[in-house]
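Following this message is one structure expressed as structure tokens.
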């Protein structure tokens, strides 16, 4: 039973993207990993070829495709083991804020650039002293004359070096209720008073640039507000379903890459009668992992369909997020074990990169502990059967 | 019940002071990234007597035992996983020389090794074959009073910088015996030895790992350790010590990651209270501490039994290593999670601890090997089917 | 997204069966557990009400329903925590051999009775010295004049005391190839030379009767052969997909029962502000278990749909079998832990029964190790992407 | 390093001979099913000195320590989980009397207990509240030189057959102190004590478990153990001993299930070879043996430290108990799997071991309690948030 029904047009797009990755992207991976940055011109190339923001409406320069195009992009990037090409943050997490909440003027001025890769976006929520706890954010946004002044600092900003436009969450210091105090703003990266910090060194995702952002009397026009005043908390929550779903899609595809690589290695080793592949224990381990993967993939694919149908599956998406990202860690690590000493050597085993990359998945987009908190709360407070 | 003696406690304390004074986080971060060995620190540590404590004093060793070696190794790795491991592994496999070599050979190599002039390496695994010895291909042939060696070995730690290699070789003359292997010391300067660096790894990045090809390498007869046809037996004895050392590294790594996580959760607030007050955090820490405590107990118990001369330790040492590596990997993973985004960043150190834990599991005898050692000991003889 | 689309008629059947269980079955559970037997008249009652063999064609006295009726029966039995009412072995494992392989004459003489509950069936494959290893079976069937003589013994025969008709696998001692040596036979329980052994005491499934069977020159007519001569191995294999699928359906439904009971307990305890329910760790554990359950259920439901569509999903079914039965064990055990001391007391906590019952699931219908062996073999020998 | 002394090895051997001679599998199966206590065996064991070895000789105890008690407990449970547990638990909580009671009380109860005439029981948990002491409701009020007790306790092992109960009670006079609890001995004959049997359980079925209601139960002032306002502190000390004993039971159960699984796989053939030759079987056995070895080491280490007078053991004992119970449950589960269909049948014994392992985890202080003990010790003080 196929849960998602891809058409031939979808398949064609997927193949086109796969070729693009193979010819335009992968040959440079090592170089960009070392540079800890993907050149802006590559973003433009992605955009020019229709691989950024595939769902943005044609009125704003997009292709107006369905969400499966997004899914395919995320999957293919993971299937070539390059999570560091973190385009989905731009396409499926940040830009949707603009598509959903921006004014017509904002949309017209930003969306075409986002689709084309001329504008790279980032989102600034997390603060040094407020990780998962959004309500305790301290960055302020104060209206003054016809401007808004932002002060504070944000951290763990993915695409932080490259970004041209940032969705910033900040609070009105006058409003004590944290759920009403937060607004979102569209801040251009070259606004005076906004400074990008030094880039973080990370365990993996090396091509992806992560920084802090400092706002020091950063002055933006009133028209930069995104969505209604004080609605920030709600707007952020509204987009969590998609953010967590794409994270799960990515985790599943990355697990699929790890397993596929390992199974292929074992198939060859078995053909070569290598003692490594004769191991019954390793064979069982592969059977267990493929099973785990298939179950999670079936669940996530079902959520993709529900998400596209506009259903509220935030609870199920929280489940998928923690469960698939834990799986991805476990599968990458266990595949390495099966390969023994070669499993740890970068040049001969791509699982090393995968292992380093997937470790972040259980942390970002809401830690897995936050997911469990959400699920438990809903489970115990609702009288519904599950 | 395992309990440290007064002098052992003194050694532990001294080691702690040494790492506090000498091991620098930023330097270590840089060296790990660049794949450089901490030579200066090695020499200092050697000079102060923190290395080779379980080697005979005759050869400039400390004249102590594996317990003392474990204490130092754990303390070093707890402070800095990569550096601790590099120091602990610099003389890898030299115990083979110490335990089985003749005096001439020992006098020739051990003092230089123990002064930090040269490293040693063990060539026990083969590419695509691992430790399935029966399939091994490297051979040594006795010819005109010398051994001529041909073959390729894999996963050779320190290979690029080693002064000598301990090489497991088949011996054509022993083919029919139960142990058709020789253990031979090969000077790194010998003609025909070519190590090829494997490059960057998941961890262990301050030491090199390489494939080493032996192409008609000829060494004097006296380079044979012990007798012909004793290679596997000697290797299994060496692996007891190697398992103990790896276990001690893993315990140190786990404890180091735990320390950092504990500090973090006691300081970090979320949702209006310290992370350390959340029950889920507390349970995680309890689980981590339990695992570490058990791994440590097992490690020191087997080390102490080794020092008392107990010989039936292969399976217990394997248990200690396997368990300590599982513990270290799981504890480091959880430490990263407790630190959240910070844990994923290089400056937190825990991501590096995690990678070094994984390297300890993968490179220093894989888990499958430990399981088979344990199984064969506990299952014993099976009636023919 | 609903994977299985039940109609109102289905729902009505489910509710009818649920009421039947509540009124006719559950009040007697303890009694039958103690007696280690479900009275034959109850089987007849199940049959009379249409709850046995729902898919048997109308021509043979059945209702000719779709497989979802079978699924609903299995689920409802598990959802009332009564796996010991092991009717699905009869309805979905043994009778399908007759439906699929029997001659018209055999069908007409047995199927109506099977549907009505007048004939209770069992299958005799396993032997004392050949558990999972069918090829090593030693029970022989020798043609002699116009009869077949069976000799040997079979063990772990579920429904062993109650059964009236047994599908017996036995080998032709002349044929050395084990895959060609085995035939199936329909043996009536009162045939001379067939003796039922003493009933086994088991960890759980107490109402369900398990015995050994001894064949001592047991003489059956030639017409008792089921399917072609020497095809036994293949016939058995052909039916494994359904056998393992229903096992997985049962495991999922049983996990669902355990979790539902525990979640309801915690909901009430939370309302009562009981310290037990305040535990964040317990709440997280519930979130993890519900997630595990939902994923496995999604996968199994997909397999039900595929199975009904006639697809070959034996590989996926093997995955489902080991994975859901492991889950069922884990979930029953972990739910008990959350309830602490009361979790272990039979009178106040039904999880005790569940814990005792589910332990068999990873053993029967092919041990979970056999499942992994099958999966690994297929995975590594086929060049297919997975 | 933990090592048994010669006399300890002697005790272990004697215990082994005793269980081989006296414990009968079929009888045990029947008694477990019927929920009967093995009284005859208790008396024999008591007579031969296998019970109460850690009690003072003054009161007919063995005058030895927890290590000896663990050795016997492990050996008994290894041979027969249910019977071993029943014997080990017959004097549950009597250590409270031994350690904290006055001489008069001890003389009154301990000799009768130690001769097997009466059982003892501990009333520490409350229905729906468990060990969340702060929510406990049972109270003791001092009135005219006596204590009057009201409340309901849960999960009281031996409750139906106990000669006396050790009861944790709030004391109104201590409400403001950090430890507002008293520990009071209540004779089972006292007016107002009504135990209600909880019936059959997942395991532990040779001893009763009950809710016990105290309805205006009045006992002499001298029945207070220690001083008022020391109840929790004393209980925590007792739990160290109780954790050690449970851990020893769990280790024995795990080893017993392992023994049976090992026997089976060495004999049973599938697909033309012994199960013990399949790598997956071998790995399972290696994992099981490793877990058992570690749990045993931890258990005896904490027992030995207890015997040496070490007081800071609460978290280590909790680690030992938690880990040993996890080990026992996992090992028994795997043993059943290795035995296949046979494992599910009563006659294989392993299904009963599995249920008794689960009972050890559930009834003798739940895991959540151990985790919190460990966490509070390792986390220590947290700066106010």
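Order as written gives the chain letters A, B, C and D; numbering starts at 1 within each chain.
The working rule: contacts are C-beta pairs under 8 Å (C-beta built on N, C-alpha and C of every residue); 3 or more make two chains touch, one makes a residue touch a chain.
Since we're looking at a predicted model, the values are computed, not measured.
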Farthest chain (mean CA position) relative to chain A: D
Chain pair with more C-beta contacts, B-C versus C-D: C-D
Cα-centroid distance, chain C relative to chain D, in whole angstrom: 38
Centroid spacing, where centroids are CA-atom means, of chain A and chain D in whole angstrom: 51
Whole-Å gap separating chain A and chain C, where each centre is the average of the chain's CA atoms: 43
Residues of chain B whose C-beta touches two or more other chains: 269, 272, 279-280, 283, 371
Per-residue overlap in chain C, given as positions that touch at least 2 other chains: 279, 281, 284, 369
Contact footprint of chain C on chain B as seen in their complex: 278-280, 283
Chain B residues within the chain A interface of the complex: 29, 125, 128-130, 132, 135, 154-155, 198-204, 209, 268-272, 280, 329, 333, 336-337, 340-341, 343-347, 351, 354-355, 358-359, 361-363, 366-368, 371
Residue numbers on chain C that touch chain A, as the complex places them: 1, 3, 259-260, 263, 266-267, 270, 277, 283-284, 286-288, 290-292, 294-296, 298-299, 302-303, 305-306, 309, 311, 316, 319, 322-323, 369, 371-373, 375-377, 379-380, 383, 385-386
Chain D contact footprint on chain B (complex, rising order): 1-2, 262, 265-267, 269, 272-274, 276-277, 279, 282-283, 285-287, 289-290, 293-294, 297-298, 300-301, 304-305, 308, 315-316, 319, 322-323, 370-372, 374-376, 378-379, 382-383, 385
Chain C to chain D touching residues, read off their complex: 126, 129-133, 135-136, 155-156, 200-204, 269, 272, 274-276, 279, 281-282, 329, 333, 336-337, 340-348, 352, 355-356, 359-360, 362-364, 367-369
